[in-house]
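So that you can tell them apart, the chains are marked A, B and C in the order they are listed, and the count of residues begins at 1 in each.
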Amino acid sequence: MDSGTAYGRPQGSYRKELTEVGAGTPMGELLRRYWHPVGLTGDACAVPRQVKILGENLILFRDGSGRPGLVHPRCAHRGSTLYYGKVEERGIRCCYHGWLWDVQGHCLEQPCEEGGGKNRERVRQPWFPVEERYGLVFAYLGPPAKKPLLPRYDCLEELAPGEFIEADDSSIGGGGPALIPCNWLQHWENVVDPFHVPVLHGSFSGAQFVAQMGATPRVRFEVTPRGVKVESLRPADGGKVHRRVTEVVMPTLRVVPNPRVAKYGKVESIGWVLPIDDSNFRIYVAGRVTAKGELGRFRSRMAGKAWSALSEEEHREYPGDFEAQTGQGPITLHSEEHLAPSDGGVVRLRRFLESQLQAIAEGRDPACVAFNGQDALIRLDAGQALIDAAQAA
Amino acid sequence: MDSGTAYGRPQGSYRKELTEVGAGTPMGELLRRYWHPVGLTGDACAVPRQVKILGENLILFRDGSGRPGLVHPRCAHRGSTLYYGKVEERGIRCCYHGWLWDVQGHCLEQPCEEGGGKNRERVRQPWFPVEERYGLVFAYLGPPAKKPLLPRYDCLEELAPGEFIEADDSSIGGGGPALIPCNWLQHWENVVDPFHVPVLHGSFSGAQFVAQMGATPRVRFEVTPRGVKVESLRPADGGKVHRRVTEVVMPTLRVVPNPRVAKYGKVESIGWVLPIDDSNFRIYVAGRVTAKGELGRFRSRMAGKAWSALSEEEHREYPGDFEAQTGQGPITLHSEEHLAPSDGGVVRLRRFLESQLQAIAEGRDPACVAFNGQDALIRLDAGQALIDAAQAA
Amino acid sequence: MDSGTAYGRPQGSYRKELTEVGAGTPMGELLRRYWHPVGLTGDACAVPRQVKILGENLILFRDGSGRPGLVHPRCAHRGSTLYYGKVEERGIRCCYHGWLWDVQGHCLEQPCEEGGGKNRERVRQPWFPVEERYGLVFAYLGPPAKKPLLPRYDCLEELAPGEFIEADDSSIGGGGPALIPCNWLQHWENVVDPFHVPVLHGSFSGAQFVAQMGATPRVRFEVTPRGVKVESLRPADGGKVHRRVTEVVMPTLRVVPNPRVAKYGKVESIGWVLPIDDSNFRIYVAGRVTAKGELGRFRSRMAGKAWSALSEEEHREYPGDFEAQTGQGPITLHSEEHLAPSDGGVVRLRRFLESQLQAIAEGRDPACVAFNGQDALIRLDAGQALIDAAQAA
């Protein structure tokens, strides 16, 4: 009699507490304790822009005095969308009855009301605080009493001569288009999974990165105060060892040295995995460069082509991160998994997230949250180095 | 600490009893006490036509003897759609087994049964009564015992020499395409909201109507036996006052003098806001004209262009009724509104609808329902006039 | 007062136990006691192919040694789809971490694990058994203990000189495209409904088959040990009678003599109505032919055109099986039906299916299930003959 067939297998399920990001969900509330990128600096402008983050539809704009604003899309008066609003010197004005809102949701004018609205201070357009750094607009969608400082990162603060910070919104590192239709955690887990590199990016598709990355690494996983760190050791020329350190850092940072250029030293860039909703994400990146457009050259190419230029047949011939991760479905089914020792990074990351959920459930602050300037500079270990074999032992 | 942010705001909700139109819902049953247009006279013809009204999919046709019919789309025999039926002299015949139905759902033939179906009088195709007037086909979807007379309206009955009635199905007054993807009440409320005119159709998009309409009016709202009436007073040349009266009349009539031509006198046309389902509507119009196609010239133009010719950028530059109303979402969220004194028409209309729901709940007839010929002529106040300042005070 | 109107009619419903095919549903479990076609022999190849059957998404492939395999699409390791897998000599390898699965779901390699995975025998990729016959790949999705032999059919086993078996996946007999968006039972019932032929395929659309088929037949319905049989008698030349026998046979077989060629003798082909899910099906056919492509010539043509070449207007002018059956909706509403004596085949088929549901509920085997070779040859009555009038009486 046949054994192990698919008949009668239970319905698969996923861990909601780790994946779902809506307001009021455990992970949604954890992520709401942090600042997240919502656009490039230039995205906040005089043309209202629809953005979606953590399952919330919002309107991003910049008033005439240069202040970026992020507001609930439905005008608090009668609900018409501010997407059709007009941005003015002092704020954004609804097209329907002309109520004018500033970037903090104060009602400045109600032109159809007597005297411009004597009670206009009683109404507030729901808004979120935003700040700009590294060429990105960051927003805080959490409880006001818990709003941390917008953090700084050493790798983006300490610039060599000729270096400057460039920002990118095309989901570099995602291996596909800018908007990626699966759960954010599938991507984040991928960052602490060094073993897929020699398979997916090596024997399967031909070396997508440099040849040296094709070797199966010796790996050490480590939980840090910030998240999870992966050290991968690979043999290099001259009896040396190539040590590569990759990190995931709260809330959604992917800190990955460029796998193609393989420059030694501190990691060049940070990627923020932005959950758009439960089954879509995108990646914003900021990095040190010496020439405009340098970040874009980090992108994988298969058979010499950009992802968007591949046919369906070529996507199957050269699958990459996009195919592997979206291939897990909109939200992967954890109940069907069979984790192995090589999944040690994934296991540690999930446990780390559980500890963070536990922290806020108990009223403590989660990792990487700072309320004073000194603590708001985060130092990272990620980077690449050539070390002696003895050191690597 | 930030105040008024969007964090923790409750899930929005809408008033189901005012908006939803399906059979068995409060508003659905109220609307089912009235005749509604389902097509132009020419839409009922030898080619079966799929129509949707109050959430019900139906087939409109006209048999060979000229009688319009409106039937349930699924053949009462085995459920195949009468969309593929053939219209004959005496009715419509299902393509599958040839059962022939007349406009009142009687089964005239069952060709595969012995003797053409000896028991065919036992089965009935579900149907609705229809009548034609003003170039439109009207249907009654309510309880047979409550079927009122199909009403007449003075403004469409009393014609000047050279005038005739023209009908239109392109949602004139909707400011966009013929099918409008939001709840019907959003549009109907717009009719009793004169204050959006100087903003949405004035300062925002440039004067979409005549310049005179750009002034913020002095407004008086009034509940009538038929619905709600809005009187707007604006200064006119020679010290005169432009008085404009707009009405909404049960069940869904928009009675709006042409805002572009600004001809003085009795209102020229009536629009029926037809709820297709909970989140789609269209508008049928019938009006007095002196030339074919005159109704179409009532349509708004932005920057000299028809709505369908505008780019997305131009829709944002020149938003109109379509953008403002669909911008409130499929069904606006009443829980998030902040109504102001200028919303007096909206408030009165909702209260009026509540009173009508109350009426049928108590077994009384709702407004504008007549069962004898004299009462079935409805006189309207809507129109425009130039009056003396003294009169307007 | 109007009678029989559509007002107040109850919400329609369908018989879930007869129509729904998912795992765990009554009909889903009944159908899972049988082999079903999942593709042409050539569909199982070195390129993984997504197939859907009885509501289950699966991957079909053929390993390098020629064995066809049908597996759950999500790799049992971390859930990435095997659609992006690579087919090798011994099985299919996941693109993400390279786990290699054979056609029975055994894990042969875990390249990222120490020693290639010492515990790899503890994990199994969910799979289903497949067998090939008549140019088709058949799968068994049911309980292993109940797996019957893959049956043989006399009409496909007993070949005349020059005849061979051809297979087709284009839903011959469906009257439309290869994928048909309605419940499978709507099609299956159509097979035992001879009375629609002279209407739908005759007076409605012009004779779609041979002229002789346009006559309304004299019909005898009969329940067989295999399903339901329909004998249709029509007058033929020379005072003879054309006897046509059509059958439906468990689990989903349509055994229909070619209605166009009207060759006399045993039925030429068998069609398997494959439920893709509750509201989509397709038909695989295998038949005796003397020339390649002969099966395709069984397809109906309307006005000399293939279905795909017809305009919407022509679909209405010449409706066929596709229009009539999809016109019943995704799943027809049995509560709204009014069956008549001419629906005798439909009534018998439903009762027969009820008896089969009853059988498995009581622990008995359903019809046409065989566990030894002799019983696995199924003899069919379907075919066409010219008989004497006396015989037909």
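One rule holds for everything that comes next: a residue touches a chain if its C-beta (ideal position, glycine included) is under 8 Å from a C-beta of that chain, and two chains touch if they have at least 3 such contacts.
In this text, all values refer to a predicted model and were calculated from it rather than measured experimentally.
Visitor: Compute the rotation angle for the C-alpha superposition of chain B onto chain C, expressed as a multiple of 5 degrees.
Guide: In short, 120 degrees.
Visitor: At the interface of chain A with chain C, does the proportion of residue numbers present on both copies reach over half, so same, or stay under half, so different?
Guide: different
Visitor: How many angstrom between the C-alpha centroids of chain C and chain A?
Guide: Chain A and chain C have C-alpha centres separated by 47 Å.
Visitor: Provide the list of chain A residues touching at least two other chains, using ranges where the numbers run on.
Guide: None at all.
Visitor: For the complex, give me every residue of chain B touching chain A.
Guide: Within the complex, chain B touches chain A at residues 1-9, 12, 195-196, 198-200, 203-205, 216, 315-316, 319, 323-325, 327-329, 332-333, 336-343, 346.
Visitor: Going by the contact rule at the top, pick out the chain A residues touching chain B in the complex.
Guide: Where chain A meets chain B, its residues are 23, 32, 47-48, 56, 58, 71-72, 74, 76-81, 83-84, 86, 95-98, 104-106, 110-114, 117, 119, 122-129, 141-145, 147.
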